[in-house]
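One chain, chain A, appears in both complexes that follow, with chain B as partner in the first and chain C in the second.
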Partner chain A sequence: MNKFDNIKKLIVKDQLKLDCGQTISNFPIAYETYGKLNSKKSNAILVFHALTGDQFATGINPITKKDGWWKYALGPGKAIDTDKYFVICANVLGGCMGSFGPSNVNPTTGKTYEIDFPIITINDMVNAQYFLIKHFEIEKLFCVTGGSMGGMQVLQFVANYPNLSQTAVPIACTSNHSAQNIALNELGRQAIMADAKWQNGKYEDSDSSPNKGLSVARMAAHISYLSKDALQEKFGRKLQERDDLKFSFDADFQIESYLRHQGSVFVDRFDANSYLYITRAMDYFDLNKKYEGNLSKAFKNSNTKFFIISFTSDWLYPSSENKEIVIALNSIGADVGYVEIESDKGHDSFLLNVPDFLETLRGFLNTSYERLNEEGI
Partner chain B sequence: MKKEFKIISDLILKNSRVLDVGCGDGELMSFLYKNITKDVRGIEISKQNVQNCISKGLTVIEGDAEKDLIQFPDSSFDIVILSQTLQAFLNPEKVLNELLRVGKKAIVTIPNFGHWKVRLNLLFKGTMPVTKGLPYQWHNTPNLHMCTIKDFFDFCANKNIKFIKSLALNEERLLSISKSNLGKRNLFSEIGIFLIEK
Partner chain C sequence: MNKFDNIKKLIVKDQLKLDCGQTISNFPIAYETYGKLNSKKSNAILVFHALTGDQFATGINPITKKDGWWKYALGPGKAIDTDKYFVICANVLGGCMGSFGPSNVNPTTGKTYEIDFPIITINDMVNAQYFLIKHFEIEKLFCVTGGSMGGMQVLQFVANYPNLSQTAVPIACTSNHSAQNIALNELGRQAIMADAKWQNGKYEDSDSSPNKGLSVARMAAHISYLSKDALQEKFGRKLQERDDLKFSFDADFQIESYLRHQGSVFVDRFDANSYLYITRAMDYFDLNKKYEGNLSKAFKNSNTKFFIISFTSDWLYPSSENKEIVIALNSIGADVGYVEIESDKGHDSFLLNVPDFLETLRGFLNTSYERLNEEGI
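Showing the complex of A and B:
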């Protein structure tokens, strides 16, 4: 029995043409839902997860037994209130929590795809999730939202389906991956590939996976999710369960021990090849280029109400990049609100308990929802 | 609600496209949204204020009018409002030009430094005036470029900015300003309210 047998899955029968040129069909999209869809089907929110997230946004993840990645923002009575809204969250294409990804078996060869899985893009991810909206026969979503890579999917979703959502809340994201973003992802990929156990991606049949490499990739990425100040405040130069330096390469410092721990728990829940594919999708993301260098064109047919959120200490997708999206929307007179939330928690702020962020998100959703109801939409 | 906001809203046609520059906590925007037009946006520099506005369902972007108006195309709003903020900018002339570029018309209100209480304060106390409308001390005031109703009137005339409506507010009384009564209005009015265009 497969560990993913008991999770919700939609088998997409339709054909989906990927950006790389290949066409896929009969593929699974694993998803989870929270709350109840109302009779008018007007309270649905599609949440997109980030690089290492999955469909289990809140509550206990049945596979990993850990808390959902958006437990602070999403749930009964939370900012995204599942007593009120019907939330759909899908594992992205290329992922490793039950959706079509490199650890799936290729029906034509009978073998796991591994590195023969097609290269996928943010556009492909979004188009795959569109089938879920069709599946639930939702004509118009109330909101699409997500942070980081989830925010990129929000932008792509509105560009692809301009009037499928009343509101859109991209959080801590960018309209195109910068050289620094690509560099950091490449560092992670090279760490995986440098692990002898990666075996050119063909490790599924062997006893071991490239855990060392994946763990280093996670450690490097994790640093980019935090701010220098937060790291300094939390760890400084504090030593790990010792009174003095050991004059060795053990984890003398708490920060070393912390990072090693982050790396080791990550490999238990994530697939190295998925990590390669998803980071590649992020690197290929360039909505500006897709619209002849003019980001405004991506949204020109949309009447979606945008609310963009960034964080002061996020250096991975800094406010300046979020603001470029605001500017592109303003220049075509789109309905766009923007706030930069004060937080020292870095890029990860959107996942953490940052009250200003959570309250503003709650306020935006609830007032927008009430207003739509008042206007009888 | 502030009397000034009621006067401002009376100057705006139904369903106009409005931008409130320095919208604060969104009090004026909320009133406009309910009574005049759904098509109202704001720009505000204080994070706390922006968060409040967003929570009220108002469309506001966090930004600095001195830098961020540039992102709006020419004539993208019917009316741009600047309520008692002009004096706080480093370069009020640049901001005024931006208002009139982005908006077909602008409503600018100014706290009048020419009011008799302000003049007496300086004349008799010999210190920088502190009044109800201008509550700051010289060292902590955000008001870098205080002006009088007469200053603003002359400035606009010089720059070929046209007055569609010029109003003076004193206590609860609203009076119109013209060239002939300018001296008097400048002495007795606390706030000047101008509907202008280029």
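Showing the complex of A and C:
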């Protein structure tokens, strides 16, 4: 029995042509739902996860036994109130929590795909999740939302399905990966590939995985998720269970110990090849280029109401990049709101208990839902 | 014959007690000089190098055959004018360009020290270089200067030898390593240690070095040396010798290719264990703590004239951290000037052709030299 046997999965029978040119079919999309779909099917929210997230957005993840990644924002009575809304969240294509990814078995060879898995894109991820909406026979979603890579999927979703969601809330994201973003992801990939146990991606048959490389990749990413100020406030130069420096390469400082811990727990729940594929999808993301350098064109056929949220201390997807999306939407007269939330917690703010953010998100969703219902949409 | 046989070295016969408690003696300090020491011995500048620098600050490095690291700032007619000044630059303790470091042979065992080399500090580095000043019988330096870790050495030098230099120019540095700085260095160390070829630091006898890990460490550091804007302007999403994405893990983007190149050329000139030791020394640097949390006390016995330079886009040692040094000096009425240079080139600005920086440095040095000479010092 496989650890993913008891999780929800949609087997997509249809064909899906990927951006790389390959066509897939009969592939699994693992998903979770929270709350109840109302009789009008008007209260559905599709939540997209970020790089290392999965479908278990809240509650206890049955595989990792850890809290869901969006526990502060999503759940009964939370900003995304599952007493009110029906939330669908799927593991992305290329992921490692049950959806079609590099650790799946290739039926034609009987072996796991590993590095022979096709390169996938944000566009492919979104198109794969569209089948879930069809599966639930939802004609119109109330909202699509997500942070970071989840936000990129929001943008791509509206571009691909301009009138499938009443509202869209991309959070702390970008319409195209910057050179620094690509550089940080490439750093992570090179760390994995530098691990002798990666074995050119063919490690499934061997008795060990490139955990050291994956751990280094996670540490690098983690540094980029936090602001300099947040790191300084939380750790500063505090020592780890010692009164003085040990004059060794042990983890003298709490920040060292913290990073090592983040790296080591990550490898228990994530697959190195999935990390390669998903970061590649992020780097390839460029909605501007896809629309001849004019981001506005991506949304010109949509009447979706947008609300964009960024955080002051996010240096990975800074407010300036979020504002480019706001400008593109405004330039075509779209219905768009924007807030920059004051937070010193860096990119991770969207995952953390940041009251201003959570209240703003709650307010937008509840008010929009009431208005759109009143208007009879 | 060793590749370091033909470079200048001072063998320090004296004993030097290190911060870790060990005492060393009969150790080499490799150095280079530029220009001529005048008869009064009043025109000497001691230049301290940064993490991956060495004594070959300008001209062609005889070992690597590459340009010296401070070619824009230092040389005949340059800001640090070697037609006028006598410049001394030494490879730091723990380095790998001829000074006493982990690739030296331990005379008691007949084997290279490698990971058994003592943990060294910025204080130890500075004290080791003091012997060079004694060697040249210089009673008073005209200036001590350096950027990044070089700047930390400037601060430590003045603290240890309060009246040994007329002027001090710390550039783009800090008085104590922040949590983010420690995190980035720890990331580099973990990348090296994750490489199976590192073999717990005992790789000298084997036929290969942890080059992949060291290369990843260099990539991580390189990202931190450049600003987000500089990366975007230089690379953006430009593709590397191709018209379209290749849907593979090749270096599709120029930034990927650039980082891989930076990593691969670095391993030819640098030793992985030296990287561990020197980053450790940087992380341990905390001049505030050494003076009971009061940085001013580090300089209270000094009459050295300070000039501090920072760069607007430096996110590794931002202006705010440089200003803390200015504040500490001002609070004891020290002679201190400060400029923040407008540059989009990030931390690397001090190594690059940034005219405002170079002219400011030239102006400070030449004017100060004239005034101090007129005053008969």
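Following the convention adopted for this analysis, the second predicted complex is superposed on the first by the 377 of 377 C-alpha atoms of A that agree within 3 Å, B and C clash if a C-alpha of one lies under 4 Å from a C-alpha of the other, contacts with A are read in each partner's own complex, and residues count from 1 in each chain.
One rule holds in what follows: a residue touches a chain if its C-beta (ideal position, glycine included) is under 8 Å from a C-beta of that chain, and two chains touch if they have at least 3 such contacts.
These figures come from a predicted structure and were not determined experimentally.
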Inset, instruction - For A:Glu204, decide between first (touching chain B), second (touching chain C), both and neither. - result: neither
Inset, instruction - Could you tell me if A:Asp286 is touching chain B, chain C, both of them or neither one (first, second, both, neither)? - result: second
Inset, instruction - Once the structures are superposed on A, label A:Asp19 by its partner contacts, choosing first (chain B), second (chain C), both or neither. - result: second
Inset, instruction - Considering only touches as defined above, state whether A:Thr367 meets chain B (first), chain C (second), both or neither. - result: first
Legend entry - Winner by number of chain A residues touched, once chain B and chain C are compared: C
Inset, instruction - Could you give the residue numbers on chain A that contact chain B in one complex and chain C in the other? - result: none
Legend entry - Of chain B, residues touching chain A in the complex: 17, 41, 47, 50-51, 53-63, 71-73, 76
Inset, instruction - Spell out the part of chain A that touches chain B in their complex, as residue ranges. - result: 305, 307, 326-327, 330-331, 333, 335-342, 356, 359-360, 362-364, 367-368, 370-371
Legend entry - Touching residues (chain side chain C, partner chain A) in the complex: 19-21, 115, 118-119, 176-180, 182-184, 186-187, 189-191, 193-197, 212-213, 215-216, 219-220, 223, 228, 231-232, 234-237, 245, 247-249, 251-253, 255-256, 259-260, 263, 276, 280, 283-284, 286, 289, 315, 318
